[in-house]
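Below: the structure, in structure tokens.
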Amino acid sequence: MVDFQSVLDAIKETTDKAKDRGQIADYIPELANVDMHKFGIHLLDLEQHNFSAGNSNERFSIQSISKVYTLSMAMGLIGEKLWERVDVEPSGDPFNHLSLLELEKGIPRNPLINPGAIVVADILVSLLDHPKEDFLAFVRNIAGDNMIDYDEKIAASEKLTGFHNYAAANLLKSYNNLENDVETVLDFYFHQCSLTMSCAELANTFYMFINNGKCRKNNTFLTKGQVKRINALMLTCGFYDEAGEFAFEVGLPGKSGVGGGIVALLPNKFCVAAWSPGLNDKGNSKLGMLALEKLTTETELSIF
Amino acid sequence: MVDFQSVLDAIKETTDKAKDRGQIADYIPELANVDMHKFGIHLLDLEQHNFSAGNSNERFSIQSISKVYTLSMAMGLIGEKLWERVDVEPSGDPFNHLSLLELEKGIPRNPLINPGAIVVADILVSLLDHPKEDFLAFVRNIAGDNMIDYDEKIAASEKLTGFHNYAAANLLKSYNNLENDVETVLDFYFHQCSLTMSCAELANTFYMFINNGKCRKNNTFLTKGQVKRINALMLTCGFYDEAGEFAFEVGLPGKSGVGGGIVALLPNKFCVAAWSPGLNDKGNSKLGMLALEKLTTETELSIF
Amino acid sequence: MVDFQSVLDAIKETTDKAKDRGQIADYIPELANVDMHKFGIHLLDLEQHNFSAGNSNERFSIQSISKVYTLSMAMGLIGEKLWERVDVEPSGDPFNHLSLLELEKGIPRNPLINPGAIVVADILVSLLDHPKEDFLAFVRNIAGDNMIDYDEKIAASEKLTGFHNYAAANLLKSYNNLENDVETVLDFYFHQCSLTMSCAELANTFYMFINNGKCRKNNTFLTKGQVKRINALMLTCGFYDEAGEFAFEVGLPGKSGVGGGIVALLPNKFCVAAWSPGLNDKGNSKLGMLALEKLTTETELSIF
Amino acid sequence: MVDFQSVLDAIKETTDKAKDRGQIADYIPELANVDMHKFGIHLLDLEQHNFSAGNSNERFSIQSISKVYTLSMAMGLIGEKLWERVDVEPSGDPFNHLSLLELEKGIPRNPLINPGAIVVADILVSLLDHPKEDFLAFVRNIAGDNMIDYDEKIAASEKLTGFHNYAAANLLKSYNNLENDVETVLDFYFHQCSLTMSCAELANTFYMFINNGKCRKNNTFLTKGQVKRINALMLTCGFYDEAGEFAFEVGLPGKSGVGGGIVALLPNKFCVAAWSPGLNDKGNSKLGMLALEKLTTETELSIF
């Protein structure tokens, strides 16, 4: 039996000493205001034991981690039809996200990069009566926590500066892979990214990915097959251009966000969320990566 | 002395017999309504003799030909500073217009492809008090014709369907190569493209490129050096992915538009405009290309 | 306890009925002579029980599966230094293998695509006294089988037609990422690809990847950390442009070859090799993919 | 009447004062031994008057300028059929020469970049009885000079280090766009590049491009149509990634080589060769570019 608490404590100690904590994302002005000395980690095992260290209850902007929620909700609603509009392959390289869209005629490489997540957002906007409210209810439901909410300031800040996402959405539209207005879809998308949650809350929501689709309160949100596939996508595509590196060094499915959060999981064993706002040059939390690498090295627990 | 009228008559006869007239551009709904049996050609020589055949006085949407006017106006206003924001190299290939923007960090390859023309539009929007009115006045002025105007229906139609241009403008904005609002710049850009002119009017406006920068009424709009450079850009970049083919087969600087118009010129000799709405698979007028190829073959006049 | 034999028998029955068996690789003439009705599968569990169906003892050309052996041997010899010359990220797309080499200045994306495997071959050629003999001894050793051998006809056939590999090796050389002669390195590389083995033999050699680096006879070839990393690489990069699809549908680390072989494994549980010479349009065995998908669906065993 | 001699003298004076003379190409060891203070220029007008300044009679390695000779010879031999194997479009960008070959399935963008010139070399190797001897005879013939020869040391030096050309040739071979052995074709190609000629000799050979295909001794080597097309290709494709810049700044068809030579021409007026071994960062002679820019600026003679 692994003593997770000792491991988390040791990780906390290591990160406290880190001299290089990375760079805070500054392309969204609101994100730049976070204290870069924050660090938190929270682990939840299959038996629902909780372990934590540092600022594990402090909320931060989850950003791209939200793509896992929208993907889960869309898969629950339309199943396999989703794959007619987005592929499941790693995008491979940082130079050409939009060019890949051009080469592949508007079919994004996977749902965890921005263009793919915008297609998923479009699907939800089409299917839901009140997209923002219904999606928020979904997240609160799997978290078992009604206090989770959007940060309207962050959403507004992204809207003003999200030109690259506007470019992607318009390109998708030009290839007929966006059903709704660019503005409507991006309003939804910027809101999903603005969700603020703590490490503890993130770990709670990812419990269903280690428990065959059932959340902590035993409600079923996804089939076993869907969980397997979402986990596979997180492993191959969850870390931008560093997906291979994360699989190689950490060996767990997971997803990161430019707010500095990372969630990862070992099926049937545990899920874990780490947070530190400084990013490495690939856009993933520097200390978050270090923490998870140390976790799997110390415990020798990984999918491989 | 070349008998231009006989050559144009022979060209008209050849195009009359053409079985394959190409495809009309249908991505802008308003363009699709044009009668594809139209064909016109108008040639103006340095001594201001006029020669024409077919529907040479019928107006059509000049589309990308307008890029030569905005470029000329911007060069007149800011000169060499223009080249800090746009390059002068051919773009080379159809697969990767936006990807080149990504690779080259927001500097378009040249001012005659869409992203480059959008940067030029942005420059004019910044410099002019009343951008749309002032630019229209400029075109009327070099044409010596106050009846030239925008087609508001075409402009509105492009606005509704121009997602690829919205993608390009937002990408430029994300690289800080757009000073004004995307909406403001594209409103100007869609208007410049919507100008409707006849072959005769087009030939008139291009007179300054064969006459060292002086228009037909002898006013000077450009220096000799600027004319040389705009002509060079038309030769290397004026025909999308078919620029090499046009230089190779026709051997004149020129510019085409998806409305089916093509203008070309031989410095110190003549300028010529041809129009036929059916396009080849590279987006250039099928019969227009044929007409100009025949013109330079018959007369043995080209820059080479 | 899973009844693997029943599952394999059911798989065999399904593949027997398959109407579309894919296309045999014909770019290497020698490969084109194989009977496309062959199908074999062999599974070895951690306790060294063996299960099989079909032509599981018939040898075939393992081709790219050999990349896992050379990678293992090189990691054993030089460890982390390997990653100075090759990256660990998925290559993502089929259009641009050599262009990625150009963009990334001669560092291949990972050791399981051709350019990366050629770099690994170069490393072995530099380190080994008798590269071909020593490598063959290594494979025989982990297999516990001295009958495994190169097929000189296949190696010669590849040499005559392997222009794309010659292009890759010369490009690597132009970026100073090849220490030895192109000819010497490719001679080694074509030999490694020409190894002929049966499903049973392949499963035997992959036992070390489910047993923490120890082979069936308990000799240790790799550390636990190295095994974890090679498994991660197989998952993210083992199936050309279909790596995401394989992770998504099958959910196991593995490697395929154009000879129609596929090996896959579940750490601490089992390794399995399937073979059928007909390929799908991504270059992976059509029935082999089907077999492994059915295996993980029926048994509900995967890393996710 | 332009006083060319005074212009050349003024150019010589300007280049004498240049502080930055660029960098000598060092990727071919033999090229690195040239004295970088050399500068020569030679101009030949239609009436066969000769003007020169500096080291205009000193021979140097013409390198890529030879592509114009092989293209001319191949066009003379097989005419339009050439264009089934190579295109006529500018390549546009420095990042992806081989990737373009991959995207376009083995059809090089034009005959003046390396892969295109290798296809042309392959055509000559197929057609000529004694390729190297026959091609040398052709060059001597248009030059009217039997002393022109290959530099075997340079050819051997390129063979040892020309890995990028080996990569291109093998890639062409993999797409069935090379009829002969890679070694045979590249042996020819490295020899053509190794030709050593002076500015005076280069100008002599380019006389046919200003005289409708007739050389100085009045023999006809090309039709008027072929001359026009080769001139068009030189303009759009003759200066690597700087073709647009050269057209823009100089405004003449021409071709450069990494030995520091540049030839350019104004049809029916003059041809000119300049040489200085230091290159700019695009691989064209730094002072050669300056000289030609000054020539067309001072004389106001260009095709535009």
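We call the chains A, B, C and D, going by the order they appear; numbering starts again at 1 in every chain.
The rule is simple: a contact is a pair of C-beta atoms (placed from the backbone, for glycine too) under 8 Å apart; a residue touches a chain by one contact, two chains touch by 3 or more.
None of these values were measured; they are calculated from a predicted model.
In this assembly, the chain whose C-alpha centre lies farthest from chain B is C. Centres computed as Cα averages put chain C at a distance of 47 Å from chain D.
Look at where the CA atoms of chain B average out and do the same for chain D: the two points lie 32 Å apart.
Between the CA-based centres of chain A and chain D the separation comes to 55 Å, rounded to the whole angstrom.
Multi-chain contact residues of chain D (touching two or more other chains) are listed as 95, 100, 103. Annotation, chain-chain contacts: A-B, A-C, B-D, C-D (touch as defined at the top). Those residues of chain A lying in contact with chain B across their complex are 95-103, 163-164, 166-168, 170-171, 173-174, 182. For chain D in complex with chain B, the touching residues are 87-93, 95, 100, 103, 109-110, 224-225, 227-229, 231-233, 235-237, 241-245, 247-248, 251, 253, 267, 297, 300, 302-304.
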